[in-house]
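Can you read through this structure? Questions will come right after.
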Amino acid sequence: MRHSTIRGVVPPVVTPFHPDGTVDTVSLARVVDHLADAGCDALFALGSTGEVAYLDRAQRALVVRTAVEAAAGRVPVLAGAIDMTAGRVLEQVAEAVAAGADGIVATAPIYARNDAAEIEAHFRAIGAGCPVPLFAYDIPVRVHTKLDHTMLVRLGLDGVIAGVKDSSGDDVGLRRLVAANAAAGSPLTVLTGHEVVVDAMMLLGADGVVPGLGNVDPHGYVRLLAHAQAGRWEEARAEQDRLAALFEIVFQSPGRSGDAAGVGAFKAAMHHLGLIDSATMAPPVQAPDQAAVAQIVAILDATGLRSPAAAATRPA
Amino acid sequence: MRHSTIRGVVPPVVTPFHPDGTVDTVSLARVVDHLADAGCDALFALGSTGEVAYLDRAQRALVVRTAVEAAAGRVPVLAGAIDMTAGRVLEQVAEAVAAGADGIVATAPIYARNDAAEIEAHFRAIGAGCPVPLFAYDIPVRVHTKLDHTMLVRLGLDGVIAGVKDSSGDDVGLRRLVAANAAAGSPLTVLTGHEVVVDAMMLLGADGVVPGLGNVDPHGYVRLLAHAQAGRWEEARAEQDRLAALFEIVFQSPGRSGDAAGVGAFKAAMHHLGLIDSATMAPPVQAPDQAAVAQIVAILDATGLRSPAAAATRPA
Amino acid sequence: MRHSTIRGVVPPVVTPFHPDGTVDTVSLARVVDHLADAGCDALFALGSTGEVAYLDRAQRALVVRTAVEAAAGRVPVLAGAIDMTAGRVLEQVAEAVAAGADGIVATAPIYARNDAAEIEAHFRAIGAGCPVPLFAYDIPVRVHTKLDHTMLVRLGLDGVIAGVKDSSGDDVGLRRLVAANAAAGSPLTVLTGHEVVVDAMMLLGADGVVPGLGNVDPHGYVRLLAHAQAGRWEEARAEQDRLAALFEIVFQSPGRSGDAAGVGAFKAAMHHLGLIDSATMAPPVQAPDQAAVAQIVAILDATGLRSPAAAATRPA
Amino acid sequence: MRHSTIRGVVPPVVTPFHPDGTVDTVSLARVVDHLADAGCDALFALGSTGEVAYLDRAQRALVVRTAVEAAAGRVPVLAGAIDMTAGRVLEQVAEAVAAGADGIVATAPIYARNDAAEIEAHFRAIGAGCPVPLFAYDIPVRVHTKLDHTMLVRLGLDGVIAGVKDSSGDDVGLRRLVAANAAAGSPLTVLTGHEVVVDAMMLLGADGVVPGLGNVDPHGYVRLLAHAQAGRWEEARAEQDRLAALFEIVFQSPGRSGDAAGVGAFKAAMHHLGLIDSATMAPPVQAPDQAAVAQIVAILDATGLRSPAAAATRPA
């Protein structure tokens, strides 16, 4: 019942804002269309790339509802239920499911200081109250906990979680997870969150990817996955190399915060490509400055990524 | 308007639970009485010691309301508004103020990845929406950010915050904060969160303490502060040495989580002393086991801390 | 002049000890033979796996001399020159080169607290005094510094370093290094130090691997590299999966130190396979206990790794 | 036999260099004179402030010999024996003792990855080969290990170590160490390495301080300790507040390394005060730039610290 067939390319959808800071549902729907049309396998709303930490309850519900409606059944929509502990997470699960989410993504406890047994109990409590497939989100850079791979497989075997989104950057850990999962009959879908080593992680045994950069260039990731799934590893690498070059957009705001530089770069690129109406970030984060945007645009141009509209309005 | 006269002994009040996990308001009121009667200067509900991370919206409001009613104007009640970013924090500010909180305590952003300018903007946004005095809560072990002392003084001068609760354990930073605050005309009240070095931090210039251990032995901290404020430093040290010996209760659950060992020890001691009806912790945290409780009781006995009831029922 | 043709399989050679703690040169020579015969491309003496931190000057020189003599020109021998700062490193460079080392491996400063410019100057100072090719050793888990990829490529272009041994576990960083190196004309040889993701790192563009586990099963790594270099990625993955299963030997001493569990497991396995006479570790580290050794042997058996001698003496 | 009477003010002596990078023994002797004349209780050569990490064997021996000769029996001289593991540390112990050191200061293993039992064995091995009193140096910011206070007291009771230099910044840990040491009959001398909270740490029970800033203003620390030892805590605080204001010199090189900003500031101040002939740092570290020096001088002036020579040559 908890098993999920979600795998492949699952972009963490950005949350567009109007310049006044309200959620821009029109742009959001446009992004969802763009991603679904490009052949993505599923979408992940309210992830870190979706600026989930900055959204209040009403905004979170609005984002999920908008994404689900725009997806219109073409692709399933996962929703992040990101909060401190299980009881609070379940409040968000209820709202996300009411808004139509097809699956939930949740982290280890935040702010609380828990040990391994408590973290496992945390996921079991969420699983017990979650009516749709649950994915564990391993993102130590934000949660400051690394999820143990034996715990994850145990939760998979017990039907608590359907999969893992691994944004830990620990590829030794990922391989141990893949091996343990395979030995247990593959109860888990394993998705990597690192968009510049997808070729390598697919070779290693991952089932898919949650690429923030997929907001900017979903077609690239769809091609990359197709190559990997067909065993065309050299072609996969070439596509990934191109996407890795594109990923350099996130390094153009030195000295700025991780959210400003990373998500900000995705939004600046998407705005340049005509995918969203404004690159506005959730306060207090400011969008990349003009100099950074110029460099981002130069990188887009260098990798051949240009919208028809943009191409028409700018001299070649 | 934002200035606060709160200083001295400000215990972070534990949140007692019934064995079924619901908030035990009767025990909570008893604890508040105990702390107010002991001479504490203010109370801090919904702090880390109050297991704030584990409480949902309704529970948080119930805790503040119960504490405020039990305090009955004898002491002001601060409330933690602990959430990821300013917008979400302000939702909690509104509820805490509606429940009667006399002041608010908030941290830097959590989960979000922000730089110095964004963190300052975060506090300014909270301050703009907070109708009661605001305290900045510096607790890197949970928030993974250290607050800069020059920013804090700037926020104080601008009337954004009334004080700081420093649980950073960085005493060099604390001295720099105290010096910068004094040079600026002391806009901030500086409270240390480290209950075993209060004598030292008061000598160094702190205005008070937020001692988790104060739930167990408020009289000790009241005496300690009185000694410090009167310049009786040797007596302050002796009292602190006794309290530091008592603090060893938090080290009796090796291998357990910080929350289980620390808050769990406070609750086990309070239960033993008849202050709360159950040592139940918020799930998924388990109370200290029998062996740990036995050691905790032995430490209480060794430091002469015993309730009349407990003294009557156990052989001397 | 500084360019190096070293790439492929470059095991970090263990340092065998007699039970009395003196270096066992006979076993060391046997290991070198074993590795050279298996087809390894080069050897790396005095790495972390070689317990370099525990060896005094005389022992370090003895290890290099023994390895060079045993290699007898069949394979080049790199030597670690691991010390705190450039001047001290250069003392060790001189001794290693005098002992016959064909190349040197050095880290960022240790114990000293340096910024990016100082770290680059450190490598330039070492390079200026090093008459053989120099490799930068990126191992933050021990040195607590991550080497910047743009600095590494700059040092390569300037002829300061010939290559990088990347034990950082940061595969995003590795891909950026590989891309920047390629864009600069490939002045650097890039070797990964992570022995369980070699298939992935070779696909990603690494030139070789420094596998601690290669001491135990060099043939496996030689096959793995051959597959990768020929573009047989599925076969590379299958071989790597087998080696990753074998790598589980390092997780059989829970609660023990990294050196005891990791290098200890390699030595226990090598002793079991008849490659070294004793699994003795440098004091104060103790070899894995009997229970751990039993599990290590079971893993060796499960992966089909058994010496003829061992096979003969134990029932099938 | 291992017991030490060293306590009080024990500055970690800077190592002056000529502009060509050689050790300036004349300036070093002058500094030693200055410190001894000011009433310091002992000196600590080859500490972090002494840039020990950057000194080769010959330089280390020269520094100890020079300091011992200049001290001429007026004050004992401790020497750092800073290296990776016990065998290597003992090589340095032998040289330092041969050069006249009255005591040795050593850290937990560096670069090696050891557990608690191995760290204790490491100190026992050093103690067994050290003919003079041994001090354990707790400096996690460089060694990346925190020494356990129960281990330290055990080593004290067993005569392995005579004391502890605590540069951990963990004042809760320091109080636990002081309490455990007192309960064991005070086998250890406990020195704090944090020069801006000496009043607080003395109140808390420390026996003395190892102040880097004591190179610049030893008289201040001698007065501070005298106040503390006499129970004049308000006067101690006032003196410490003055010294803390002086300590701001180390924050005048933002963006520079810890060694450049910290030790560099001490040297710049000492050069300005005529105590050393050059502010040269060990390569690759550069002395603070002109702007930083100007700010350092302004801070010196503001705290009234001025050499007669400097006062004569600059307009008041």
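Lettered A, B, C and D in written order, each chain numbered from 1.
To be clear about the criterion, contacts are C-beta pairs under 8 Å (C-beta built on N, C-alpha and C of every residue); 3 or more make two chains touch, one makes a residue touch a chain.
Just so it is clear, the model here is predicted, and its values are computed rather than measured.
A.B. asks: Among the chains, which has its CA centre at the largest distance from chain D's?
C.D. replies: Centre of mass proxy via C-alpha means gives A as farthest from chain D.
A.B. asks: Measure off the straight-line distance from the CA centroid of chain B to the CA centroid of chain C, and report it in whole Å.
C.D. replies: Computed from C-alpha means, the inter-chain centre distance equals 49 Å.
A.B. asks: Please tell me the distance, in whole Å, between the geometric centres of chain A and chain C computed from their C-alpha atoms.
C.D. replies: 36
A.B. asks: Specify, in ascending order, the residues of chain A that touch 2 or more different other chains.
C.D. replies: none
A.B. asks: Give the pairs of chains that touch; include all such pairs.
C.D. replies: Every pair of chains in contact is listed here: A-B, A-C, B-D, C-D.
A.B. asks: For chain A, which residues are in contact with chain B within the complex?
C.D. replies: 48, 53-57, 82, 84-88, 91, 109-115, 117-118, 121-122, 125, 141-144, 255-260, 282-286
A.B. asks: Along chain C, where are the residues that touch chain A in the complex?
C.D. replies: Residues 169-172, 175-176, 179, 194, 196-197, 199-201, 203-205, 231, 233-234, 236-237, 241, 244-245 of chain C touch chain A in their complex.
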